Each structure stands twice: as structure tokens, then as C-alpha cells.
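Written below as C-alpha cells is the structure these notes are about.
Just so it is clear, A, B, C, D and E label the chains in written order, and each chain counts residues from 1 on its own.
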Amino acid sequence: MSITPIVKAILDKYESDNPGTKANLARILMQGHLGGTGKLVILPVDQGFEHGPARSFAVNPAAYDPHYHYQLAIDAGLSAYAAPLGMLEAGADTFAGQIPTILKLNSSNSWATSNNQAVTGSVDDALRLGCSAIGFTIYPGADDVFSMIEEIKELSAEAKSVGIATVIWSYPRGGKISKDGELALDVGAYAAHIAALLGAHIIKVKLPTAHIEQPEAQKVYAGTDWSNQADRVKHVVQSCFAGRRIVVFSGGAAKGSDAVYQDARDILAGGGNGSIIGRNTFQRPREEALDMLAKIVAIYKGQA
Amino acid sequence: MSITPIVKAILDKYESDNPGTKANLARILMQGHLGGTGKLVILPVDQGFEHGPARSFAVNPAAYDPHYHYQLAIDAGLSAYAAPLGMLEAGADTFAGQIPTILKLNSSNSWATSNNQAVTGSVDDALRLGCSAIGFTIYPGADDVFSMIEEIKELSAEAKSVGIATVIWSYPRGGKISKDGELALDVGAYAAHIAALLGAHIIKVKLPTAHIEQPEAQKVYAGTDWSNQADRVKHVVQSCFAGRRIVVFSGGAAKGSDAVYQDARDILAGGGNGSIIGRNTFQRPREEALDMLAKIVAIYKGQA
Amino acid sequence: MSITPIVKAILDKYESDNPGTKANLARILMQGHLGGTGKLVILPVDQGFEHGPARSFAVNPAAYDPHYHYQLAIDAGLSAYAAPLGMLEAGADTFAGQIPTILKLNSSNSWATSNNQAVTGSVDDALRLGCSAIGFTIYPGADDVFSMIEEIKELSAEAKSVGIATVIWSYPRGGKISKDGELALDVGAYAAHIAALLGAHIIKVKLPTAHIEQPEAQKVYAGTDWSNQADRVKHVVQSCFAGRRIVVFSGGAAKGSDAVYQDARDILAGGGNGSIIGRNTFQRPREEALDMLAKIVAIYKGQA
Amino acid sequence: MSITPIVKAILDKYESDNPGTKANLARILMQGHLGGTGKLVILPVDQGFEHGPARSFAVNPAAYDPHYHYQLAIDAGLSAYAAPLGMLEAGADTFAGQIPTILKLNSSNSWATSNNQAVTGSVDDALRLGCSAIGFTIYPGADDVFSMIEEIKELSAEAKSVGIATVIWSYPRGGKISKDGELALDVGAYAAHIAALLGAHIIKVKLPTAHIEQPEAQKVYAGTDWSNQADRVKHVVQSCFAGRRIVVFSGGAAKGSDAVYQDARDILAGGGNGSIIGRNTFQRPREEALDMLAKIVAIYKGQA
Amino acid sequence: MSITPIVKAILDKYESDNPGTKANLARILMQGHLGGTGKLVILPVDQGFEHGPARSFAVNPAAYDPHYHYQLAIDAGLSAYAAPLGMLEAGADTFAGQIPTILKLNSSNSWATSNNQAVTGSVDDALRLGCSAIGFTIYPGADDVFSMIEEIKELSAEAKSVGIATVIWSYPRGGKISKDGELALDVGAYAAHIAALLGAHIIKVKLPTAHIEQPEAQKVYAGTDWSNQADRVKHVVQSCFAGRRIVVFSGGAAKGSDAVYQDARDILAGGGNGSIIGRNTFQRPREEALDMLAKIVAIYKGQA
């Protein structure tokens, strides 16, 4: 594949990474319908771990099968597919070389009694399964965030040494953070910045609201109109080393198609790199999901 | 042994595993009277650890001797024998090569003050004792489940690298889960799914009741009649990657033979792979146990 | 030394062990006046760690000197001498090759605030000191028993690989276990069984009383007359893989000679392998202790 | 599989081995049409390495495909299939669990300028490929035999620790040994003895001639009539610890069927354990090879 | 076993050794009919490796069986049995704990083209087989002696750290040494001294002749009458740190009984510690060998 100037420019920003890691970032950035545009859409399927299989897949029973998701991501021309160990193992051979995969290395579940996750895989697993990246969630604000940070510190250092990229899901929660605060602009930008500081190659955060959570932060956010989502995206991107790191956004719980499209338009307008979109696709019938993803791709290409 | 098409199809689903691990899965699936059918019956004897020797064996004193269980499993034509370190060590040489063994790597006891288990063996032990698989219990829902998950993550990764299969006993308990909830359908399917996500080759859960435990899950289970046990089995199997993973069921505490047989019929009807049946066999006189196991085998062969 | 058929039969039961470990078991079983009988008497001196020097040795000041105990064990024709690191180091050269030693690898002390012990030595220490076995205490029932189990799991695996035997002191205490329960028959048999399951070669428990502690166990013990100590010993031996493992009993605190002799007779009658007897010997004047030990040896030989 | 008394008696002779290694020996001894008889026929396919593909396979082009040999060994009901790394890798998944495999860990080639071989695989390879044994060639007599011995010393120690058996091909050549001497009775018995001394579980040598090579050995062989091949086999078996080790014989270059059958009859009569037969089978058309192997199997069963 | 003052005095000379190593030396010195006398007779059986099985065992075919030698050493009341890996593995379990064993870690063969030996085992092997010592041959004078020295340096250092003793066979040959010189007094004393300098616990040399090989050494040996073998033994013992190290002598090739007895008398008279005697025993019929060994033992006890 011939790397486009846009992708080359993005890769150049990861200036301390070895060529192996860059090659894996390039694979993601050159894959699928958005290949070469610097934009990306990732399909994540860890909802079964987080919420149980029935709540995740009963609405679209074909999705109980791990192959379904690999095929959906490939057929929709997405950039990468992210899932926990067992889900990738169940299709890694069949789909070897067909789509970059991201091994999600930690997961929580519905009964978790603390804001933390269990580590469920390793960089060695990522290598043997041919993954382009590892994924890891941190909960800024949580009592356990230091240990989560120390876990990803070890894992990403090992991953970088063997040429595998790191994606950090940075989800503020717990501790002093209110429920509204989890989506607050100041908190989201801060969470994204922490992920960047931890050395993530790709940062995944939720689309923030205009709420400002921290009293100490009110002053700096005051006097600016944050009602436009694209402006909030722009602020998050700015918080990730002024755009030197790839940032993708999730839209949260399943919602209407139009809301999903508007999110994508705002991410594009704000300079975000794309979407990570799970339940909004695999919880729809396959044809409907393919249509939605085609539309999102078109938006990121500036064609819709 | 010539692998049957049914067994070959099962092995093909473990697509990321190395031939060593598949050979050990094949040994289990080709062993005994059910060899080649894709069905299996495993004899587990860890009750001495869990409940003490007298409560486990006094009713049938011959069962105090570890050789008794090896011989029972062999004479009944079962698929594998699972036990903790000391139990296997006490017969591993005498019965070397006669029946696949599963080294149970963690165990609890009657005085445990937390929902956790102690790790009592290693993958190196499994290799030197010639085991085909390691076994490990997790307690989804328990406060300590993350550390249990991280233990099996390490052990199963090591086991996979040396060609040994992994069996996960997934038993929900503790934390927010009620006593009834431990056997609830939604909880059981979720627990099985977690085991699959952790990369288990064989998943062992309890037969679930029709109870739905989680408020958030009520909606997806509502409107379906779950009164038929076979339907519940089918849902658990579906939750294990749509049947891509072997699932065996335990019936819990000792009970009447007819109930045991009905369980096996329901497991068969629901597409489960078989039974793991301990107390219901070794707590009966040997001849009676052999008769019962012969009947169960016949059920799984569709002959009873 | 020419192994007797009795000893050979015992060694054959350790069927998964390498010849190095069997040679060390043989050394213990062929040592001293009971050599070749399949019976053994071990001198343990870890009371200084557990209760302090004065409470342990002031009554017989010669016993402050580590050489005293080596010499006592040798002169009494005992089977082995067990002590913590420093005690063995202080005499290991002088008495090299004269009596099998057991390096006690963990110890508690009078100020312990939890039911746990500190690991105070290693398998490498056992090798350089020429020990035939390592010794380790677990406290079934205690909150910390899982971590104790995980410690001995590591240590015994290493010991087995280099040909050193493992002796587990299994002393129920803590958690849900009452003071009376620590000596209860059901609890003691369970504790012995756990040691066997952990892969111990020699199991050391206390002589149990007729008390039954666990409500769930009442049923299986009911209807049998447990007033005879020999019957209780027999049940413990049965609980150690139906006699496939060596079981030795301690009598607990210092007591009258006649009680000690009766204990030995009951252990013999119940099929136990012998005694581990510390305070009852070294807290007596040397000559008195030698007389007592001579009598105990005679009992085990069926001569008294 | 239920071990026969004959096989159990053989396993018992490997008295220092762990149960894992014995289980793998048992797998070989219980496999195929000779399973349980204590006799075995192994298919080795390393001729491509030794002589090049065309000289090995052109006469029967189907044999260029590694699957051909797996299938031939299975269909003929042989005991095991031995080949170098790449040959096993090419079929290990398809045939996982269907026939015990032996990973040949060193190989020479037609251009070798010394009597030595290159090590081409590892014990880790054997584990991930699910092999029951490793195979290794030594050249007693060669200048490089010491380094070859030191290689197999390391490999077999590692293999034994993880439960994998060791097969040594002991082929005298080089140094002071004449061409005739390579097949001499004294030399062959000596070569077999060296393999036994190195700790091999299965010893593979060539059928010796009546020639006596070493001047110093003439005396001990003189006065006995060695013209009968069965007597020579008997002497080799005796040289392998008086029959405590499994010995299999190769017949060397491709030859007529009747000669092959006579070899098998002589091996049987002399107390050898069987044949390792490569070129004489896969260089014949498949049906012809199957017929020949069926006849050899029948001979070892005493039925032909 | 109660160490005698003679043995205690010998052990005290190994003043830098740890108690584990001393315990193993003690085991050898307290074993058998010479136990406690400070004298020892060792049975070595590596002739099969050195000269081939027929030249070693054909004269007494029972000796093809490794068990034969264990049993002979035990029945004759010898001090230890030394053999290569495979020979020990074949009986290590059956005879565990019955006689101290010495794992011979290197061996040559009849076709060796250099004065060197192949390393055929490890200290780990010695531990798992329960050996009291490792044995190793060096060839002072040979071109390869430096590499042999460096091998035993590594092996003995490891052995000492885990409490295993080291026996060095020091056999001058090669290089500038003439055939007569191999048995020369100056050469033999020098070879023994090198073994002592390498840290051997037990030094094994051949009985030297009165020949003086080295021109540079003529002067110091001149003027003394070396015709008496006991004097030559005395000089060798002197050369081993003035008697601070155990020295045993071999008599070389099989010879008449009277010569063997005279050798023993001379060794005793010269202050040597005993004999290592292989072919002269196992190449005789068992009863004859037992008689001879009984006589040798009696000589060392001063009773014959």
C-alpha cells in the first residue's frame, strides 16, 4: 500500500516510535474505505464482557458469533476491530490479515464492586494473534486509577518494544467525579490529555457535554461558548498534544441514526480522527448497520 | 485414533490454538465411550478440598483412595478426570496414558472467608503429570474476581504456549449476586460468556434456573418462555460464542438418578457438550455409579 | 542400607516422585531405631520461634544450644530433626550425615497479629544444609490460608524438582473455627486431607478430639462412636488418600509421660506412621527424655 | 485407552521418568494396529533433508505433500510419525490428535562436509506441535560425536522435564569406522548401548550384519555363530539394558518386500520392539505401501 | 547413622564445604561394610560406554542389566555405585535410598579421535536421581585438558552449591605423555594433585608404577626406592594435600584375584582411602565377585 501524504504526516508525529509500531499504525490508517484519509472508524466489541451476552447480542442474535463482528468490520470497510482475548481468538485465524485488530487487554463486568478492570490478556497474546494494537481502559478519577495507569505503563512499554501500538480508552469516573462530570468538557479533555501523557498512540474518549465539572477549572472555561459540539471536539483534540495524537470518540449508548451522523459531522468539524462505534452498529440488523457505517464513512470523507 | 468429522469440526473452531493444544482437546474428545461423538463426560474430584474428606467420601469409603477415581473414570469410559495436585500425583504413574487428566489449579475450602480460591499447582505440574488440560475456577460477581481472572490469564497463556488446554469453572457468587441469582439464567449465561472471553477451551457452568437476576437484563429475557431447561442450555451455549466453545454442565449437589438423567437429556437437547459429574457418581456405590454413568453415556449417544 | 519391604511399599505409593525425593524419604524411613519399620518419630524444635527462648528452653537450659537437639535426636535414634534456618545452620556441619534434617521454612511468633507465618528459608537453603525435607505450616480456616497455600505450592514444586521431600504441618485455626474446633475430628481430618491434596509427602496434624465442629459435617460423623482415639487416628489416615501418604501426629502441649505413651499406642493402633514430638522431650531433662523416647520407639516397634 | 499388561510392563521399566513422559510413551505403544502389543512401527520421513526431495519423492510424487505421510501413517495403523520441523508444521493442525508425532531435532544433508547434523528444532517446538517425542541422530565414531552427544544431553533433559520422550537414532560412522563397520554387529550393539546410556527412551539402530569390526572385540564375539539375523537382533536388545529400553530397527535403503518382511520376522524373533521404515514405504505407490505395512503389522502380531 | 571419629576427622578436612556436600560425603563414608572406617570401595560401571557392551558384559551376561550392578554393590556392602546417566536412570527408583550413587557426567568411547570425553549429564540430573556425587574424568597431558578442566570447574561449582560432592577421575594421557608415562609415579601424583587443586572431594587415580616420566622430575624422585607400591600410594596421598582429600585407586584392566588383593593391601598400607573396582568384579560371576569384594573389604578392615 502506498501511504498518502496525510497518513505520512500523522505517522511523522509519532517521532519516538520504532518503525514496527508505525507500520501497525499505518495498517490501521490505510485500511478500509477511509484508508489514506487520516480518518478512522473502529468497531469495538467488549460489551459482552461489560454487560453480559444477552444485553449485548439478543437484539441481533447473529452477533453472538465472534465471526459476525470480524465480517461486519471488513464488509463495512472499517479501520480496525477491537475485542477481548476470547473474541479475537475465535476468529483470528479465519480473518488473519483481513483487518487490523486491537486486543482489548482489560475488561470490567456488571458486578464490579470497584471502578477497575481485570487484565485479561498480554502483549504476547497480541503478537501471536497478529494484532496491530493493544487496547486498555483507564478510569481517571477512580480510586484505582494509579494501579490501572501502572498496568498500562508496563503493557504499552512492552508493546512499543515489539512494534505494537497502544489505544487507551480514557473514561473518567469514580472518586470525586459526579455522574454529569463523567461527560464534562473539562474532565473529558483532561482524561484525553492523561492518555496522551501515558504515551497512547490512539486516544479514545467520549464526546463531551458543555458541562464544566471542576470548580478550579471554571475560570479558564468561562467566557467561551461551548454549546457547539465541534468546538468541544476541537478542545479535546487540542488537549491531545495539539493534534499530534490520534483521537477517536465514542457516542455512548445506542441511539438514533441521525444523532450518530451528527456526532460524526461534529468530530470531523472539530478535527477529531474518527469514531469508535460498537453497540450502535452490531445491535442493529446487519444491513441496517452496514448502511449506517457507509453513511458515517461518507461523512468522514466529506461526501455526506 | 481416527478423528471423527464431528470432533474435527469442533477442533476447527479453536482456530488460534496450536496443534499441541488441539491434540490434547482431541484426546479428551476421542476418549472413552463418547469418543468421537463431540459429547463428553468429565469426572471431577475436588470435593475433598471444597467440603472435606468425610463429607465427600464417607458415604462410599473406597473413594478415599485416589486410585478409585482414576479407575472409575476409566471403567465408566469417561472423557477425562479432573482433580487437584495431590490427587493426581497419587495415581499419575499407575494410570499414565489411560485417561486424559485435568489438573485443577485452584481450590477453595469450607472455611474460606472470601469468595476466592488458592492457586495450588502450575502448568509445569501439568506437564510433568502428563495432563491434557488445566482447570481453574472463577467467581464472577465476587470482589476478588479480577484477581482470579488475572491468575487464569497468566496460567492459560502459559498453558496454551505448551499445548495444554484450559477448562474454566465459572461460578457466579458474591458481591451483588443473590443466592438465587447464582443459578439465574442471565447470570449463568453471562458467567459462561466471561469464561469464553477469557479464552477457555472448555467452559463449565451450572445448569441455570429460569430466574432472571439482573434488573437491567429483565427486558431482554422478557417475553420468552424459559421454563424448559433445554432452552436455557441452548442460551448458555449461544452465549459461548454461538457454540464455538465446548460447554459442559454440572448438576450441583448429589440428587436422584432420574433428575441426573433428565439433566443429561436437556443438555443434549439444548446443544450442550456434556456433563461434569462428581458427587453424583463417587458418592454412590461403584456398581451403581457405573450403571448411572453408562446410562448418561447412552443418553448422550442418543440411545437412552 | 537395605530397604525393607515395608519401606519399599511406602515409597512405591509416591508414584509421581523422582528418585531423588524417594531417596530422601527413604533416608528418613531407614534412620534410627525405627528404621525399616515404616514408623517414624521426628523431633521438631521451632518452639523458640513460636513462644520465645525462655518459655521453650529455661526449664532445661542445655536446650538453648542447637547442638543439644541434634544430639538428642541422634542419641534417641529418631528418624529426623526439624528446625528453622538458624537452628539448623548452627549444627549442620557438626552433624552432617548423622540424621536427616527438615528445614522448617515458615514460622510465626508470639506477637503475630494474624494467623499466618513468615517464610524464613528456601529450598536452596535446604540443599546447602543437606536437608532431606522442607517443612511448612498452613492454617486451614485462617483468612491468610490462601496465601500460605500459594507459598507452599511454589516451595514444594521447587523441592520436588531437586529431590527434596515436603512435610506439611496442617493446623486449623482462625476464621470460623472455634478453639475446640481446632482439635475437632472433622476439622483435623479435613486439614490433613488438604495437606495431602497440596502434594505433601509427610503430613503432620494434631491428635484430634471426638468433637465435631462443622454443622454440615455432623451428619456424616453421627452414628459412629468416636470416643476411641485410635479410631480417630484411623479416620485421619484414611483422609490422607486411604493411607497412601505418611501421617505423623503431635500431642500438642507438654504433658505427662503416660499420656504421651498412650498417644503413641493409639497412633500405632490407628495405622498412623508415628509422632512428631518436641516440647514433651526437650523440656524434660535429657536422660528422662531419652527414656521417654526409648519407650515411644518400643511402642512403635510393638515391644511396649 | 486401557493399557495392556505388556505395555504396562514396558512403561514400568522407565522407572525414573515422570508420568508425563510415560503418558507419551503409552500413546505411541497404544496407537494403531499394534497398540497394546508392545511392538511398534514408526514412519520416518527425513529423507528429503538427507537426500533431497527428488531422490526421496519423485518415484511417488504424492509424497511431496507432507499430508501424504501423516495420512499414510494413520491409514496403515502405525505407531508414530517422525519428521523434521517443517514437515510436521505442515500437517500438525490437520492431524492433531490422530497419531503420535516425533519431532526430529537434527538433520544432515547431501552436501555435509562432516559427520554431524544441524539442530533444526526445539523442545518448545515439540510442545506447541503436540509431539509425543523428540528424535535425534548421533554418529558414534565420528569426530563430532561429542558435540552431538552434548546437544542431545541438553535437549533430552529438557524434554524429560516437560513430559516428552526421547528417540535416539544411533548411526555409527566416520572416524575409525570402516564402511562395512557401520553395519557391524559389534559396532551396532555398541551404538545402541551408547544411546541407552544417554537416556534414550526409544533406540533406533540399523539391522547389523555378522561382520565384527573392532579388533579388540573379536575375542568376545568369536565362537558364536552370528549368521542368524534374529540372534544379532537379540544381542542388540541385550545391549540396550537387557531389554529395559525399546529398540526399533531400520532396514536401510529401499529393498524388496520379501527382504522387508524377513527383517520384521527376525526383529520379532530376536525380541526387538519393531521397525522404523521410511523409504521402503513412501517410495512405493500408496496401495502397495499399505499392503506392505499391513503385512509387517501382521508379522509383529504373530499372524504372518 | 552415628558418624565415627575417623569419618568425622575426614569430613572436617573439607572445611570450606557446606553441610549438604558433607552429608553426601558422609553417606558414602558410612555406607556398607566399610561404613565408618574411613575406607571405601566404589563400583564404577562406565565400561559399556568406554569399550562397548559386549567387551564389558558378554563374559557375565547378567551384567547387561543395570539392576545387576546396583544389586551387586548393595549385596557386597560397597560404599557407592558410579555410572553414566542411562545406567542410573534404569534403576534409580528401584534402588532409591539403598546406596549412594555417583553420576558420571562425562564419557568417552572406543572411537574417540581425541583425548576428551562428551558431557552426558548435569547437576540437575544428579539431584533428580538422588545422587550423592557427580563424577568427571580429566586427561592431564591431553591437548583438550583445559576445556575438560573448565567443564568440571562449572559442574563442580554448581554441585557444591547444591550439596553434591565431586569425584574426579584423573587419568594422564595424550600430548607429551608416553604410554608408560600414563602410569608413571611422577605423572600420577601430579594428576592427583591437579584433581585436588580443582576442588575434587574424592580423587580417583590409577595405581602408579615406579617409572618416572618427566625429565624435569627425575631429580626429585632420584635417590628414593619406589619399588614398593605402598610407598607410591603414600606419595600420591601426600600429593593430595597431605591426605586432606580422599583418594581411591583403580587397578586398571581385569586381572587375577591375588593381584587385586595385593593392590588393596598396598593401598591400605600407603594410606589410600580405597578402591574403585569395576571390571574386576562385574566381569566375574556374581558369587565370585561377591567373594572377591568380601575379601577386599576384609583387607581394608585389617582383617585379611
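By definition in this document, a contact is a pair of C-beta atoms (placed from the backbone, for glycine too) under 8 Å apart; a residue touches a chain by one contact, two chains touch by 3 or more.
Only a predicted model underlies this, so the values are computations on that prediction, with no experimental measurement involved.
Asker: Would you mind naming the chains that touch chain C and likewise touch chain D?
Answerer: Joint contacts, listed by label: B, E.
Asker: Can you give the shortest number of steps from chain A to chain E, where adjacent chains in the path must touch?
Answerer: Counted as steps through touching chains, the separation is 3.
Asker: Steps needed, at minimum, to get from chain D to chain E via touching chains?
Answerer: The fewest steps needed to get from chain D to chain E is 1.
Asker: Given that chain B and chain C are copies of one sequence and touch, is their interface built from the same residue numbers on both sides (over half shared) or different ones?
Answerer: Different-residue interface.
Asker: Which chain has its C-alpha centre farthest away from the C-alpha centre of chain B?
Answerer: Farthest chain from chain B, going by C-alpha centroids: E.
Asker: When the C-alpha atoms of chain B and chain E are each averaged to a single point, how far apart are the two points in Å?
Answerer: 56
Asker: Please tell me the distance, in whole Å, between the geometric centres of chain A and chain C computed from their C-alpha atoms.
Answerer: 58
Asker: Quick one: chain C and chain E, Cα centre-to-centre, how many Å?
Answerer: Chain centroid spacing, chain C to chain E, equals 39 Å.
Asker: For chain C, jot down the residues that touch at least 2 other chains.
Answerer: 15-16, 18-19, 161
Asker: For this assembly, give the contact graph shape among line, ring, star, complete and other.
Answerer: Chain contacts: none of line, ring, star or complete; other.
Asker: Give the pairs of chains that touch; include all such pairs.
Answerer: Here the touching pairs of chains are A-B, B-C, B-D, C-D, C-E, D-E.
Asker: Mind pulling up the chain C residues that touch chain D in the complex?
Answerer: So the residues of chain C touching chain D come out as 15-16, 18-19, 161.
Asker: For the complex, which residues does chain C have touching chain E?
Answerer: 1-3, 11, 18-27, 29-31, 74, 92-93, 95-98, 124, 127-131, 161-163
Asker: What does chain B use to touch chain A in their complex?
Answerer: Chain B reaches chain A through residues 13-17, 140-141, 143, 145-147, 149-150, 153, 157, 172, 175-177, 186, 189-190, 193-194, 196-200, 214, 216-217, 220-221, 235, 238-239, 241-242, 244-245.
Asker: Could you pull out which chain A residues touch chain B in their complex?
Answerer: Interface residues on chain A, with respect to chain B: 48-49, 51-55, 58-59, 61, 64-66, 84-94, 107, 109-113, 116-122, 124-125, 128-129.
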